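I have a structure here, written as structure tokens, and I will follow up with some questions on it.
In order of appearance the chains are A, B, C, D and E, and numbering begins at 1 in each one.
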Amino acid sequence: MSSTGEKVRISDLHAFYGESHILHGIDMTIQQGELVTLLGRNGAGRSTTLKAIMNMVGRRTGSIVINGNETIDMPAHRIAHLGMGFCPEERGIFSSLNVEENLMLPPSVRSDGMSVEEIYEMFPNLYERRMSQGTRLSGGEQQMLALARILRTGANILLLDEITEGLAPVIVQKLGEVLMKLKERGLTILLVEQNFRFAAPIADRHYVMEHGHIVEEVHAHELKEKTELLNTYLGV
Amino acid sequence: MSADSSDYVLETQNLIKEFKGFTAVDDVNLKVQRGHIHALIGPNGAGKTTVFNLLTKFLTPTSGRILYNGDDITSMKSAAIARKGVVRSFQISAVFPHLSVLENVRVALQRKEGNSFHFWRHESVLDNLNDRAVELLDSVGLADFADATTVDLSYGRKRALEIATTLALEPELMLLDEPTQGMGHEDVDVVANLIKKVSKDRTILMVEHNLHVVSKLADQITVLQRGAILTEGTYEKVSADPRVKEAYLGVAADESEEAA
Amino acid sequence: NVSDDKVKIGVLADMGGVYADVCGPGCVTAVEMAVEDFGGKVLGKPIEIVSADDQNKPDVGSAKVREWVESQGVDVVTGLVASSVTGAVTKVTTDNKKIALIAASASNAFTTKACSPYNAHWTYNVVALANGTVKPMVQSGKKKWFFITADYAFGHALEGVASKVIKSEGGEVVGAVRAPLGTTDFSSYILQAQASGADVVGLANAGADFVNSLKTAAEFGLTEMMDVAGLLVFTPNAQALDPAIAGGMKTTTGFYWDRDAEAREWSARFKERHGKIPAMPHAGAYSATMHYLNSVKEAGTDDSDAVMKVMKANKPNDFFAKNAYLRADGRMVHDMYLVNITKESERKTSDNIFNIEKVIPGDQAFAPMLPECEFK
Amino acid sequence: MATFLGINLFALSGQLLVGLINGSFYALLSLGLAIIFGLLKIINFAQGAMYMLGAFAAFLALQYLGMNYWFALIFVPLAVGAVGILMERFLIRPIANEDHLYSLLLTFGFALVLQGLFTHWFGSSGLPYAIPDELKGGTRLPFMYLPNYRAWIIVASLIVCVGTWWMIEKTKLGAYLRAGTENPALMQAFGINVPLMVTLTFGFGVALAGFAGVMAAPVYSVSPEMGSNILIVVFAIVVIGGMGSIGGAILTGLAMGVVEGLTKYFYPEASTTVIFFVMVIVLLLKPAGLFGKEA
Amino acid sequence: MKISKFNIALVGLGLVAPLVLYPVFLMKVLCFALFASAFNLLLGFVGLLSFGHAVFLGTGGYITGYLMMNTGITPELGILAGTAAAAILGAVYGKLAVKREGIYFAMVTLALAQLMFFVYLQAPFTGGEDGLQGVPRGELFGFIDLSDNMNMYYFVFAIFLAGFWLINRTVHSPFGQVLKAIRENEARATSLGYNVNDYKWVAFVISAALAGMAGSTKTLVFQLASLTDVHWHMSGEVVLMTLLGGMGTIFGPFVGAATIVSIQNFLSGGELGNYIHIIMGIIFIVCVLAFRSGIVGEIQKVIKRNFS
């Protein structure tokens, strides 16, 4: 593997919320253009892993190298400028801003983000409701908005937490297509998903988490042979 | 009232809700039959949650009527509607986080006791409700957690607790908004089974995106689109409708059917 | 014959509020000086001083004094600034048969409707202010008056007394506005005064209210159109004003530090300790305390009734109290002074605040006694 | 003289203008609070003390540094803003995640200390600060004599208010601020240095109070109490205008000046109460304030 | 409230305290403790910050003071009348205020209180700035002379215990359970069929009535009712007392009130008097930065950490 292709390298990552120790030494690497998922049960620590990468947990130790930069001591706001885009599981729509303001809010971190027109085309609901208060959107619309706004920033490493949650099947399909397209553009994606059926066909690799550890790494081509194993971990 | 309409627990007539020129619910005539599990599905932003909010008066309809057991409840306050037996759960989990699990259920049981304004009596008068509360917790598999503080529960258990609390009110009609959202597969099944279990003797109206759950539970489905009813019927009928496929299911419908 | 084997003086004043410069820590200093000058002992027993901040609140002040007299053996209370506080405090002192030496309050109630055999009202009062300032102005032909009055008891009293004087001299009150205490912007009231067509605008307020209202009057050109009379001006307030604005204004005071050699001597000592020249309540507090201590000595006891008898029988006479006597109703009658505020050119130092125009004999300044207040 | 319903119209126009002057002063004062309280959601009870600090700083700068009014107008707000920055950094930030009540208690304590210190050093009678020579005198209008300095108050505060309004509502700053207070962690993750932004904004809001202090020094006396009296009135104005609305605070400030001015004419005793009366009515009829967005 | 050894000891302490300490000081502490506890019922247990609570304290005081001065009723009736007046005012103000939430609730209560402040400032029967001075303490039930400080003390102590008991009982009553639920999740409480505004309103009225009772008692103790008691500073002071002692705890308001009254008393005499504002200010800052849960809250934390 060439080191230029390596976008994220995490080694021995521990994370804490106050007293509680949530992640116990995570190791993973993600190559440019890869789509990697984090699977696991509720409370396994998947969201925490994403938040730890963004330095949004109480405390973290170990090493997180992004694009060749060590970020373990970097304040959160600088990490974003390495090209990171984060879509949190609670969506984080701002009630004090309207839809369009929410969409335009995150500063661009790179120049080649999607244009607003492209985004509105992809999510016509948002266009229609663009002047309405952010949190007045329906649950699913908020989910779309949370995703759309980081696509605008031009981030090329996306951390996506449960983006299909609460979305109609037709939108879920569309999202799958969008992710494939982003991958083709060379974006790197780390995806946390419950919906294995959604994740399986588009992911290159899967990490399985349990109790703050990575317990298994499954490549796309191994899925068939490891179905049993995944079943026991995930209860699919 | 015609004899026919008495079969319907809940009925809406030309229900409309507008937000500043935007019509979120557009002339909806919904009929929920007694004893059914009735699912409300539809694309995002179709107005499902808004319908729920109208039914429970968290929002006021712009026009139209809501009938419950034939009575017009359009102008009643939300607490009063709850007292009549229409109880909802929320899309985002609703529990009392710093009360114990038992107390969560007891608060719901307490209402019927008629002593809720008695500030001069000791709370131990509520202890006679404990047995019933434990019973309810048991029915959702939470009996062992009665003394735990609610914040410490896992997500799935919080949902279960919420259902137990709702059951405490002995609702005739339960409104569930995406009861399985955000759950792992195991929990989804647990909650789905729970819903099936509690649906005896009562009517349930639910919003759900998980087709697996819908196909498994729903006796009747109403599909909303852009605030209006697109079609209604059983899962088989609805999922075969090409308009539903296009607007909501996408091609996944067939796969999901296989899975179910 | 001294209770608790000591004589304890309580000084209640505004230590940090709007009247702090008028009678706050300065009054404590003045009382300390009196005790030291007296020799620190009376009838062989030590004299102690306690002090407290009343925050200009009647409840705070009266609670403190209650504690003093009920549980700490305080024999006499002095200081006493805000009239509302003094009213509440004198209720407590009278109930407990303790003497109150009122050094700074303006209201004339303590020797009229709220009079008490234990009150000694020392420095000045609203009647003296009105007689001193208003009367000569009306007599000189300034017949039409407009009042800007602080909307509380003191302001109402001052306006009321002044109005009576004006009417009795053949003048007329053409209008009045009641400005809430602590008003920051007086421009609206100044405009109303301007429109009233009065000859004189009387400022029936004190402290910061006085300073602000006068400043605004000058800014809006009122001082050029008509006369402005400050009915109660303490030296620190006058110092806070630009002499270009305040210079020449007439007012009445009970004391001025530069009046004569005796006053200058005491004031120099006061300034050395306190850092600022004395205002009239400071001198009054000293004088009252001194007279009290002298009377204790002569009475041979600190029993309030006996002491008060001596206080009323003997005439106070010191650098403050000129031609003075303590009337049966508790009013300390003494010379008052009509002064004008110095102009820029007259200020050799920043302490040259007043020019004394005229001495007003006490009997002309203060109102006659009410029969029901003639305590023996 | 022209009269209408027995009211002297000339006198009334004078009162209206005076009300407008006071209103522009209120606008200026409430602007700083609208930013700190309305946008950052920090209950800053020391805002009045900062206003007082501004006035004292102008006085001291003149006294000891010989700095004239015009320089004070620039440097004093910077200095007061710096105090604000230190205050935010060392007192408020440690409790940023706690209940808002604690910032109230803390800033109230801070205000007490400041007020106490200044009373201790300078007494409570108030200190003189002369109107700058350039603005002495006045203009005779048909219905009143308008002092030049009062006219200047209107001009200066309008410039500052409009400038601030533009900066916050018309640039992205306002959106960043609102979002940053709602969910600081997420804004950090978007690449915004939220703590720095909050500190600077707080400093700016405080600096505005300092600016108002300098503006006030020549017309109201410079005294330690000057800030505490006006504080809750300014809070009321921000709430009436609608929290989070900069324009609302400005317009309400102007309107309340006029309302208060008219009250001083018709019923002066009630002039300090009328704003609360308006507040009760507004909050009962329009819960989010006149210009606030309903939650 | 369980009748624990701890509580008995406290009551015993209350009974002997006036033999050691100046009774009027103790009475002041008790009045403010009752006031703060009443306020804490709203803030700590319902989550409502009433920023105008002084208006109830003052109303109780003025009504009792006026009646005692002008009608010659006995003190217990005077206090009942003051309490009732505060309750009525609380009922009206509460109706208006509970419709609003959070900071708006605080602002509505502040504004309403300011209106009443104006009334008390201007109304002819209140004595304006002077207040009602020289209110007679009267004779309890017509035969116990309250001008004796000891008698007065035990009367005040009894009132305090009654008020304090009622607050505790309210917190630990079926009604209190609903209040707790409302504070935790208002929307959910509504969906369970509770008219949350009615519950808040009842809590508001109870709190107002007890605040009024504290004010009535205080007026008798000091024989004075004044504007201080209705000023917004007093509303602020009760917030401080509650936070300093520990909001949402049973004994916190008592401890907070006792602490602040003692500090004020200590500082108001003597040399430190000049620094009273500075010292109080520093105390608040330190309190917020170092022990935020308040005195009682912090002690409870320590106990929890070490003994459970």
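Assume contacts are C-beta pairs under 8 Å (C-beta built on N, C-alpha and C of every residue); 3 or more make two chains touch, one makes a residue touch a chain.
Computed from a prediction, not measured in an experiment: that's the story for all the values here.
Any chain that touches subunit A and also touches subunit C is listed here: D. Each chain gets a centre from the mean of its Cα atoms; for subunit B and subunit C, those two points are 76 Å apart. Chain centres here are Cα averages; for subunit A and subunit E they lie 52 Å apart. Distance between chain centres (mean CA atoms), subunit D to subunit E: 32 Å.
Contact with two or more other chains is made by residues 16 of subunit C. The multi-chain contact residues of subunit E, meaning those touching 2 or more other chains, are 274, 276-277. Shown are all chain pairs that touch, namely A-B, A-D, B-E, C-D, C-E, D-E. Chain contact summary for the complex, subunit B toward subunit A: residues 19-20, 22, 41-50, 91, 154-156, 178, 181-187, 209, 211, 246-253, 255-256, 259. Against subunit B, the residues of subunit E that register as touching in their complex are 166, 169-170, 172-178, 180-181, 184-185, 187-196, 198-199, 202, 206.
Within the complex formed with subunit A, the subunit D residues making contact are 172, 175-176, 178-179, 182-183, 185-186, 188-194, 244, 293, 295.
In the complex of the two chains, the subunit B residues touching subunit E come out as 56, 58, 77-80, 82-83, 87-88, 90, 94-99, 103, 106-108, 110-111, 113, 115-123, 125-126, 165, 169. In the complex of the two chains, the subunit E residues touching subunit C come out as 22, 24-25, 28, 128-131, 133-134, 149, 222-224, 226, 228-229, 265, 268-270, 273-274, 276-277.
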